[in-house]
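So the structure is just underneath, and the comments pick up after that.
Order of writing sets the chain letters: A, B, C and D. Residues in each chain are counted from 1.
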Amino acid sequence: MTAILEVRNVTMRFGGLVANEHVSMSVQDGEIFAVIGPNGAGKTTLFNAITGIYEATEGEILFEGKEIRREWSRRTSVRAYAVGIATALVAVFAINATALWQGAIVEKYVYAQPFPWREAMATLVTTMRASGFWTTWGIGLIGFVLGRLGYGAIWRAQRRTPDLVARAGIARTFQNIRLFAEMNLVENVLVGMDQHCRCGYWACLLRPPRFWREQATMHTRAFEFLKFVELADAAGSLARSLPYGHQRRLEIARALATEPKLILLDEPAAGMNPAESADLMRLIRRIRDRGITVVLIEHDMKVVMGISDRIVVLQHGKKIAEGTPEEIRTNPVCIAAYLGTEVVN
Amino acid sequence: MQRTVAAAEFLAASALSQADAVGAFARDGLLSSQEVFTQQLVTGLSNGMIIALIAIGYTMVYGIIELINFAHGDLCMLGAYFALTVVGALGVDHWVGAGGLMGLVMVLVGTAAFCGSLNWSINRLAYRPLRKASKLSLLVSAIGASFILVNLGLFWGGLPMDVFANGTSSAAPKAFPALVSAAPAAQIGDVIYSRTDLLVLCVTLPLMVALTYLVRFTKLGKAMRAVAQNPTGASLMGIDVERVIGATFFIGGSLGGFATVVYSLYNQTVSFQMGYRMGMDAFIAAVLGGIGNLPGAVLGGILIGVIRSMSDGYLEARWTNTVVFGILILILVFRPSGLLGAKLREKV
Amino acid sequence: MAISSKRITINLMLIAVVAIIPVVEKYVPLGWHISDPMTDVFVYAILGLGLNILTGFTGLLNLGVAAFAAIGAYVFAISTCEIYPFQLGFWSALGLTMAAGALAGFALGAPTLRVRGDYLAIVTLGFGEIVKDVLVNMDSITKGTQGINPLPPPTLFGTELSGNGQYWLFMGIVLVVVAGARRLERSRIGRGWISIREDELASRAMGIRPDHAKMLAFATCASLAALAGALTASRLSSSGEPGNYDFQISILALCIVIVGGLGSVRGVLLGALVMVGMNSIVLVKLTELIGGSDAAPASALADAHGVQWALLFIKTWAQNVLMSPTNWKFLVFGLALVLMMIFRPEGMLPARGTKEDAPDGDDGASGATAVANKELRP
Amino acid sequence: MIRRTASIVAALTGAAFLLAAAPLNHAQDTPSKTLKIVSSLPQTGSANAQTTSIVNGIKMAIEERGAVVDGFKIEFEAMDDASPQKGNWDGQIESANAKRAIADPAVVGYIGTYNSGAAKISMPLLNKAGVVMVSPGNTAAGLTKPGLGEPNEPAVYRPSGKVSYFRVVPADDIQGAVACEFCREDLKAKKVFILHDRELYGKGIADVFKKTAESTGVQVVGFEGIDAKASNYRSLVTKIRAAAPDAVFFGGTTQTNAAQVLKDLRAGGCKVPFVSPDGTFEKAFIEAAGKDSVTKDQGGVYITFGGVPSEMLTGIGAQFVKNYQKKYGEIPEAYAVYGYEAGCVLLDAIDRAETKDRAAIIAAVAATKNFNGALGTWSFDENGDTSIRTMSINTIEDGAFKFVRTAGGAAKAK
């Protein structure tokens, strides 16, 4: 088994607040891995760092041995320059628009007579040459710098975005359920499957045969996912009309629909009764049996101890223990953390 | 010094590609280029402070119920009509000396009270029933309220009083009597600091200080901040949320009232359509500074005033709006939540 | 989702009723001239449908949609008018217009991807003002406030359409746009948009690329708005002046979308009918019915005192302003907006999920709007 | 079910198309004893004051004839071509107004528009339908005069080939030139600063002013378009002050903030003569400007106006002012007399027309020669323009307009 996810020395700081401090862990392919800890231990923050919602202040997160982030590749660089040049051109043309228009159109066009296109084009060039140094090169330079910087600013803000992470193969659910409330169950799942759709904008608008074929396949598969979480019966109802426990399962179905290699479940058993959590445990095992690695945050110790292969314990943003359920159960540090007693060295 | 001036001129000239025109202004004119610059700065600051005062009302309401209060500018317009009516009915413009000052204060306070109550009533009638509806419904309601206020202004302008030209043309702009003369309060070279400029300073600064105190240190201010952060939580803590919202509308409105009197005295013209621009400038100012943020609104307002002034003075006046909005968009591209706005971080 | 045959029936009936209005009008002389205002309704419906994609589906507040209409009108005008050398035909100019609109949408959308909620609202508002200013100021190109005319009327297979022909053509275009909007809504593109409106973060975490989706929404919105602008220009045979595309029109479009029901295609159509109809039909009829009063007699206020003075004061005032119905238009319009919002905050035909669907007394708002609301928060 | 409905719908729609295609008997030919005149002016929003007084003027013209002309009853309807959403003229509404007027067989005259932009929309429609249009307010030169506007103007407004549009108000080309002559000759201005409101009217006049200034050796030290909605123009005034002109010309109207420009000039310490066109020749301008900024020692204000001002009118004009004052309790706004004149000339033409159909009335209006009206004695030329070329220069004294002199008998446009 290889490590599918490696968290190395991750520190998350929000201003003065330290949510995670030098957390390291490594999740093996195909295991069920639990992150536990008291409230405020930084578990969800860690999930957010993994899924790209926050950017880690320090440290790195490797998925399948690589960091998921847009690299400033040659292509990005070319694009940035292209955007800069485009902005520059637009700026220069905008500044000189009146002169260009005057020279090429107004002076050349005699009402109701054929227009000398070739001459007009030639005039464009001469007018550009004739316009002042600053109005062409100065404005062009400003435009270029702004365009280039603007592209850079937007790129920098999106180096590691959740959609990139999701497309790389990490799906997640949320602690406070975040379904698309106004959509029905099938549609919710279909959103998850979006990255596997091949039809683009025009196909969706014009609807050629391949659109219908794809739609049929997608719907079938969406139903499969719903069946997998035992929600197929309610497929047509709105997400927000579902009871709480079902909403949790729908969220899992939606996450599975992205066909991830790794799924992060944030407190999947929260608010469930024992019967429901037992169902959930079965569900999680079935997910693992599909070949998907599972990382979960959970407070319900029965669930955690029942299904996890390995467990990490966080407290005050620091990792205080790691091991199999057996080891954790007997680890005095963990017990102290959960019971709130002072740790005696 | 000479060199700086020359450099500044060169920069302005090259940026405009109108080197000869600008040069001609500076050489033939009565004013040196430094004087022109200082004068523009003074104008910009005065205009900016008025905008800032209106923007505070905007931003306060936004901060507490996240409503872009489209009716705010038109509320200020009605305030100006109210002030004009008071001045006309009591003949305040004929009061002299200490009486004149008293009259001025009275008009200021009266208008503030009027605008405050009006804003409170608008909240009560048009916004409160929509407290639980979507923000966009609220926005449309505010737009509707703004239309109604504009129409009330049109009606008001038809009052058969001297100050409204006997109401014969209700839509025409009205002259606002010069309670404070535009004569120079100070003059350095050819730079005029008029008494109306001084008035702007004397009204806006204390108000801003008072407001800061109110929001920071009073019980009401704390309640307002609490409601802004988390209405449900605040109501659980025993804060009467509706009362706090009402108070915010009142305070925001009365600041608009002060602002509109200052505006009217500064420009000496009021018209039923002036609310649009007042509201627009204030909105831009609030957003530029980071909407919901009080110091941001002040900073934004002053920036807008100065940018407008400089653009009028050194570029062409017809491009001023484009310059203002262009700068706004640029700033938002690099700082998506305004200059002083808190960085957005969604709770997950 | 199976669409019930009943609904199809109703839709077809509605279309038929709208289609025969001009004919009925001609043969039943009620003195109602509604086919002409109805053509305006169609144009505004297109504008509304465009804005609905951006604001209704994707949840991005746009206060500058009129700018796209202005771009549309002017691109159409410049590419067709005989005083310019280009002189394209109606349909090719329409295509160019929509492309130009889409490009403008990209140009506005791309740099402002990071700008959210009300900040985006002011960026779009500013864009609207900039476009208007540029059109006025670059008068050597756009003829400033003169307007560009004449423009070719709509044609179909080589014949110029006027009156009823235009009516049916515009109605046809609206139907095409409605079909397009529906198709997009019910495909992965529309799901992507709606998921962004519902919860941008969650949709990101599901692998939706909001940047792409938003750009598409911007471009679609802009190109539909441009289409609306071009159609108006062609109908009036003039681009009008830039002032005809100012903030107020963006507001009108927004009101159409919200009053109709945010995110609901049918709602937008109804919204356009109500908002434009109110202006072109109801207010005009009202003016005709009431007529106006004239005379405000010489003011005798100076001589009067006490109660008499007060009465005279009010009388003069009333005669000055209150008796003229045109003076009430803003008030009627504004009051209608406020009342509609108070009594139907979720719009007349809310998208989906009306109150009945809400499990345990939802907060009263339509969920779509309530969530859009949350999403618009900065 | 669906299929049946669909077929019904198809049948209905088909029938509708057939009906529409079938030739219709227009009720137009049936004689009626009532003739109708309509006006289309922007009565919602900023131009309200002017347009209301125009409508008053038209009504007075009709009332003076007892609402009967040559045995025909005259009805009048004032249409509004502005919408509340815009607060200004709206192309769609103007077009709808024109179409409504065309559709009503009783309508024989269309008085409008106020805005030249709006006229461009309704002119071709009305021309095609053969409804005479008399404008009390359009001043854009291109609407009637060949060579001054776009190359396709004014032919483009006359699809029928005939002139059916007339205006009783002198066009921009005369006024701008007169204002410039006045600056040069009377004010002895060597340097002028030109402002305009970027609207069709204001910029049109300012352009002519500039052209005239340049050709007559007056230096133009600045040419700026203002933002008519700005709250004040102090920074612009500083710029003007730095340019040190001998006079400031503002091409614009009271609605586009002329009074604010004037006030800020004075407040900013720029005390040179202020010259503006007839868009500011209304009481509202004096009211808005306030009494302090218009006085002579502040530099003075000079306003050009087509024809002589109300108070200076003699004969019919003087009578009109008196009657108006009696009826409405105020001195008429500048444009009221144009409304009155438009009404009078139209009624006169209806009177003269042999048959009362639209074509005959167009011919009758076009044949107007030496019409003795409120503005003096004048005729329509072959383009439909008034022959009045006399402008008056007015100043403001003691809160009222005061006539200075007449100018520009034969204006040189170029």
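The rule is short, and it goes like this: contacts are C-beta pairs under 8 Å (C-beta built on N, C-alpha and C of every residue); 3 or more make two chains touch, one makes a residue touch a chain.
If you're wondering where the values come from, they're calculated on a predicted model, not measured in any experiment.
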{"item": "Minimum number of chain-to-chain contact steps, chain A to chain C", "value": "1"}
{"item": "Pair with more cross-chain C-beta pairs in contact, given A-B and C-D", "value": "C-D"}
{"item": "Centroid-based (C-alpha) most distant chain relative to chain A", "value": "D"}
{"item": "Chain closest to the middle [Cα centroid of all protein chains]", "value": "C"}
{"item": "Intercentroid distance (Cα basis), chain D paired with chain A, Å", "value": "61"}
{"item": "Averaged-CA centre spacing for the pair chain B and chain A, given as whole angstrom", "value": "42"}
{"item": "Averaged-CA centre spacing for the pair chain D and chain C, given as whole angstrom", "value": "30"}
{"item": "Gap in Å, rounded to a whole number, between the CA centres of chain C and chain B", "value": "30"}
{"item": "Multi-partner residues of chain B (each touching 2 or more other chains)", "value": "147, 150, 154, 166, 168, 170, 276, 318, 321, 333, 346, 348"}
{"item": "Set of chain D residues in contact with two or more other chains", "value": "48, 52, 84, 87, 151-152, 198, 225, 328-329"}
{"item": "Sites on chain A at which at least two other chains make contact", "value": "53, 111-112, 150, 153-154, 174"}
{"item": "Residue ranges of chain D touching chain C (in the complex, touch as defined)", "value": "1-2, 5-6, 8-9, 12-13, 16-17, 19-20, 24, 43-44, 48, 52, 55-56, 59, 77-80, 83-88, 90-93, 95-96, 99-100, 103, 116-117, 120-121, 124, 140, 142, 149-152, 156, 198-200, 203, 225, 325-329"}
{"item": "For the chain A and chain C complex, residues of the former touching the latter", "value": "51, 53, 97-98, 101-102, 105-106, 108-109, 111-112, 115, 120, 150, 153-154, 157-158, 161-163, 165-167, 171-172, 174, 178-184, 187, 190-192, 194-195, 197, 199, 201, 204-205, 207, 211, 215, 236, 238, 240-241, 254-255, 257-258"}
{"item": "Chain D residues within the chain B interface of the complex", "value": "45-49, 52-53, 84, 87, 198, 221, 224-227, 229-236, 238-239, 241-244, 254-255, 257, 259-260, 263-264, 266-269, 282-284, 287-290, 292, 328-330, 333"}
{"item": "Residues of chain A defined as touching chain B within the complex", "value": "14, 44, 48, 53, 132, 134-135, 138, 146, 149-150, 153-154, 174-175"}
{"item": "Chain C to chain B touching residues, read off their complex", "value": "55, 61, 111-112, 114-116, 118-119, 121-123, 125-127, 129-130, 133-134, 136-137, 201, 247, 251, 254-255, 258-259, 262, 296, 299, 301, 313, 316-317, 320-322, 327-331, 333-338, 340-342, 345-347, 363-366, 369-370, 372-373, 376-378"}
